[in-house]
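Structures for review follow.
Both of the next two complexes hold chain A, though its partner changes from chain B to chain C.
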Partner chain A sequence: MVIPTPLLMMLSPIVVFLLGFLGEEMKIEKLREGAAVVMSAVSVAAVYMLYLMLKSTPDGILLFHLQAAPPLGACFEIDMLGILMAFSVTLLTFFATLYSVKYMEHDTRLTEFYTLLAAMSVGMMGVAFAGDLFTLFVFWELMCIASYVLVAFRKDLWGPIEAGFKYFVMSALGAAVIFFAMAFLYGMAGTVNFAQLSDALRGQPLNMWLYMVFGMLVVGFGIKSAIVPMHTWLPDAHPEAPSPISALLSGVVIATGLYGLTRVLFLTFDPGMFKLPIAFLAVLTMTLGNVMALRQSDIKRLLAYSSIAQIGYMLVGLAAGTAYGVMGLFLHVFNHSIMKGMAFLASGSIAHETGTRDIKSLRGVGKMMPLTSLCLFIALLGLGGVPGTNGFISKYHLFSAAFGSGLGWLGIMGVLNSALSMAYYLRIMQVLLASPDEGFKAKEAPVLMVAVTLVMAVLIVFLGVWPAPIIGFATAASEALVNGLSTFIGAVLG
Partner chain B sequence: MNDAVYLTAIFALFSIGFYCLAVKRNMIRILLGIEIILNAGNLAFIYFASLHSGGGFVDPLGQSIVIMSIILGGCVIAVGLSLVVYAYKHFKTMDVRKLRRLKW
Partner chain C sequence: MEAYEMAIPYSLALVLLVPLVSAPVVYYLGKQMGKKVGWVATLPLIVTLLLIFSLAADVNGGGSYSESYGWAPEAGLTFGLLADGLSIWMLITINVLCLGICVYSTTYMEHRFEEEEHQTGVPTPNSAYASYYALYLLYAVGMLGTVLTTNLIQFYLFYELMLVPSWALINNYGYGERERIGMMYFMWTHVGAVILLAGILSSYWITGSFEIAALSGVVGSPIAGWVAFAILIGFFTKMAVFGIHIWLPYAHGEAPTPISALLSPAMIGIGAYAATRLVIIPMFPVFQTFSVVFSFWALLTLVYGGLMALAQDDIKRFLAYSSVSQMGYIFLGLASAAEYGVSGAIFHYITHGFGKCILFGVAGILMAQVGTRSIKEMGGLADRMPWTTVLCLLGFFTIAGVPPTMGFMSKFFIFSGVFNSALSGSPIQLVIAFVSIVMTVLTVGYSLWTVRRIFFGPLPENLKDVKEAPLTMILPLLVFALFSVFIGIYPRFVTDYLLPFFANVF
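Now for the complex of A and B:
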């Protein structure tokens, strides 16, 4: 079968690299930035085209493979869930690329930067579209390798190198553990294709090997999605990366880890089996994330700890184990990608203009950078779950899913944590609004950076007031994963 | 008999890699630990491919995965080694325990 046109956007890193190289050689300013922005916009359009293609199929799954049919060959199996993930990824990549044009203009080696940015985005899309464990692993490594280099991109400073090395060791260990677990899944089922794997393993009596595989999957994917106690790399790596990269890492890379975990767990195990361990991890993750965030003085580090807490909320949806819970999970993934991405971009603008990330020395920035601060406020209110923002909608669905599936204590813990998190969000707002110290000056960020954050702020409020379309999208995605499993298997095995 | 030998080798490799990560201080040894764990996965794939043989041939799927995984492992370690070079330039040491300037 031929590869359809929309999937050709997976070649975008190559295009960005070639055009960037050409631009450097021919001294055409801005060719690489132009190429990067256009390619990321094309990716969003391509995901939309795939969405339309998927809509017109009868069984809700698109199957693409290069040579051999699925049992042997590697393939893409695109369902609504994959489209939703890919949509979050491409949308945030587009915003981050647009923001980088101004933010990174004084850095060198920008061709490499934009190529890696595109490669990371393609890696995440590939993970979302993968139809077998092998494809998933290859794109996983593409995403990982690009993100290691991007975290340590400013190699002349010691901070990014130290953070990058910690991130590298943890994350490479995670990938190796996932690979080890895949080997055992392959050993038990004789295949790596998702549909056949599910056909062979789901509903089987649990034995020692399945428990071992479960543990390894949780550890391996958990390292990437920063589930406590595998989170130690995140508070170092996310603040030290350049701001657009922090936005992508916090917004979608950790969510991709969660996507992988959700996908493989639902394919291999019954929800009854993994409910309690995941619920336990969820409570641990959100509590530790919130408590540690309270004591931070660096604004980006605070946001990084807040990401850990948000991963805890998302795990609530997985622990619920129902289609409704998974709907809440992926609704929150999408909303969180916009909110946290924007919070990192706005705090990046502030750090860019004032030259500091220390919260105490940011007194009065709200008066000097009104638009950026307004955006940051909206993002923080959304992260705290204030009604009227999209964060409220998805948290509401997550916690009511927990109540609905008999895990009331988990829902209560979530609500309490959500209230606790407002403490540190409000502290940032209070500092920004305080009257400035003598002699402290900053001006509003460049127009392009402000425009990107403003558009994202409008999205947050818009999806908070009128959430129907994205809820419908997320419901279709969760139905495809949880209830549509037999359709999925039938469509692939034919 | 054979099964036990292979499984023991797989888990021994895995444990050695984990031990290496947990105990060693030298950055390059830590990278080797990661590589050893990846190789435990590779060996597991090779072994399970031989279990799923059909018509006198081992399953080619497992073996092809291993070839790709070796390539990917090489890429990952290359990135890791370049990070080690820069870490050495900044910190003038190969000891990972010196890399704790970033606070909690």
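Now for the complex of A and C:
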């Protein structure tokens, strides 16, 4: 089958690179920035086109084989869940790229920067669309390699180098473990295609090897999504990266890890099997994330720990094991991508203008950068789950799912953790509101950066007050994963 | 007559929308006009008050009025608004207090900012006034919305909307260690609120609906007791019953005084209303099993609050502990689980609202005119400030239940209910009833003693030049006081709503 037009946007890194190179050689100003922004906008549009294509199919799945039919060739199997992930990814990439135009202005090697940014985004999209483990792994590595370089992008500083190296070692280990798990799965089922894998393994009596595969999957994907105790790289890597990259890392890259885990677990196992271990990890992850965040003095590091806590909340949806829980999970993935992305962008603006990330020395920023502070304020309220923001909508679905699947204790741990998390969000808000120390001066961030954060702030409130469309989208996505498994298998094999 | 009352077409949505939409407008105007914007902020509150009054005429005698809007049906959310005999007086109280205190704020906040200018030497920017009044309106929306709502998630939305602006007001405009205290206030009530949320979410899986009316489906479930308890804990933290009251004296003490005058009278009592609406009415059999324990807990609260009040020197902390004690009475009325007790509790909310609002207003006047919060440093002020003295006395009469103020009527209702259920209940309840009625002496005691210490006795040398407060501060409080006496003489304006409502319930 031919590759449909919308998927051609996966070539965007190449386009960005060529145009960027051209721009540099021919001294055409802003050509590469223009190309990067346009390509990221085109990607959002392409995902929307895929969404429309998917809507018009009867069985709710789009199949594209690259060479031969499975189990041989690589293939894309795009369902509603993949679209939702890709939509989160492309939307946040678009915002981050737009923001970078101003934020990264004074850096060098920008052609590399935008190319890698586009490549990372394509990697994540590929993971979301992959129809077999092999394709998934290829795009996974694309995402990883791009992100290693981006974390250590400011290579003249030691912090980013160290953080990037730590991230690289741990993440590469994770990838190796995933690869190992894939080898086991191939050995057991004789295929790497998702549908065939599920057909062969799901419902089989559990044996030692399957438990081992489960463990390896949790560890492998868990490193990427920073599930405690595999989280240690994150609090170093996320703050040291340039802010738009932190936004993407915390907003969607870790969620992509969770997507991989959810997808493969639901394909291979019955939810009853992984409920309890995942619930245990969820409690561990959110509690540690919240407690550690309380102790931070660096605003970006605090947000990084908050991301760990948020991954813990998302795991609650996976632990519930129901379609409703998965709906909550991916609703939160989407909402979190906007909130955390914006929180990193806004704190990036503040660090950009004031030259510090130390929370204590940011007293009174609210008076000097009112718009950026307002945005950060809204993002923090959203992350804390205050009603009226989209963060509340998805959190209440997550915890409600826990109560609904008989894991009441998990729901209670969730709401208490969520309350605890307000303590450190409030601390930042207090600092923003305080009256400034003498001699502390800053001015509002450049218009473009403020505009990006403002649009995202509006989205947070809008989706919090009128959540119906995104809930409908996430419901369709979760149905596709949990209840639509048989149609999925039927569509591929039949 | 009928046609005249219908002259203002009302919509409950407008009651929330008018102040909500006005908040950014007030902020914008405030940046231009500075302190005068307080008067603009009263306008939306006047509009909502007119709407509520015209509504009140129609739901008289057990009627009700509701509106429903689609919100997110996929997630089980509707946006419903309901006004009936239970909520109408809550709405009136909240709205009248917000309006009066808004007028009061115009003078008080000016004084507050001048004081700060004096200390720091930095002129107050217009934006300080602008955000004060914008947050003030949002806070009012939060309180009105909590009372009106019919859906549990919507309820939680407004419940938290009360919290965030009030936190910001304490954090920005409070006294003392306002940041630490703001944080303390937020965390205590937020943890209470999420426990409430846990109760709401587990009720959803029993009843399959987020409607408040559907909560009756929880009765009979094996975890009904836990669900009711979780929901109640959320409200008890807000009401600051004994044991989970820690945040209250700090928050009410250090909040800017107009905000104390809303926190304590208007907001914390909403916990009692919500407990009635969400637990006592739909889950009555479950609540009844808690009756004895809660009566004891209420007794503990009212005695503890009263004794602590006696020990205070800071007038605002004194009033805060007195609020704890009064919440004990309201809690006692609820715990009696009887028609008169529960309607008395709601009645006492109104009483306490007006009474305590007058008293916090007086505290603010003293802070502005005398310049101290320490009761010890004051004395003999009656000659200097006759109006304030009268107001203070009437405020104390109201909360202490001295006739002819309405406090007498509401306490009478509460104790009717308490004795009613005690006589048919266990001997322990009878003991609790006796002890609690004896303990009303405490309220009268700390009230009159404080009045004597502040307003009578010798006037200290340094207070010779104290002047009476300006009219904008006196007048709203005077309206509250007259209202208290009026309802004390004609209680049927309130009971005509409450009693028919509760007659249908029990």
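Keep in mind that, in the parts below, the second predicted complex is superposed on the first by the 494 of 494 C-alpha atoms of A that agree within 3 Å, B and C clash if a C-alpha of one lies under 4 Å from a C-alpha of the other, contacts with A are read in each partner's own complex, and residues count from 1 in each chain.
Just so we're on the same page, a residue touches a chain if its C-beta (ideal position, glycine included) is under 8 Å from a C-beta of that chain, and two chains touch if they have at least 3 such contacts.
Everything numeric here is computed off the predicted structure, so don't read it as measured data.
Novice: With both complexes superposed on chain A, which partner does A:A36 reach: first (chain B), second (chain C), both or neither?
Specialist: neither
Novice: Looking at A:F179 after the superposition, I want to know if it touches chain B, chain C, both of them or none. Which is it: first, second, both, neither?
Specialist: first
Novice: Report for A:E240: first if it touches chain B alone, second if chain C alone, otherwise both or neither.
Specialist: In the superposition, A:E240 touches chain B alone.
Novice: Scan A:G164 for contacts with chain B and chain C and give back first, second, both or neither.
Specialist: first
Novice: Which chain A residues lie in the overlap of the chain B contact set and the chain C contact set?
Specialist: In chain A, no position sits in both the chain B and chain C interfaces.
Novice: In the complex formed with chain A, which residues of chain B make contact?
Specialist: Touch residues, chain B against chain A: 14, 17, 21, 27, 30, 34, 37-38, 40-41, 44-45, 47-48, 51-52, 59-62, 65, 68-69, 72, 75-76, 79-80, 83-84, 86-87, 90-91, 96, 99-102, 104.
Novice: Provide the residue numbers of chain A that touch chain C in the complex, in ascending order.
Specialist: Going by the criterion above, the answer is residues 381, 386-388, 392-393, 396-397, 399-400, 403-404, 408, 411-412, 415-416, 418-419, 422-423, 426-427, 429-430, 433-435, 466-468, 471-472, 475.
Novice: Help me check something: in the complex, which residues belonging to chain A touch chain B?
Specialist: My answer: residues 72, 134, 137-138, 141, 144-145, 148-149, 152, 155, 158-159, 161-166, 168-169, 172-173, 175-177, 179-180, 182-184, 186-187, 190-192, 235-236, 240, 292.
Novice: Along chain C, where are the residues that touch chain A in the complex?
Specialist: 71-75, 120, 153, 156-157, 160-161, 164, 167-168, 171-172, 179, 182-183, 186-187, 190-191, 193-195, 197-198, 201-202, 204-205
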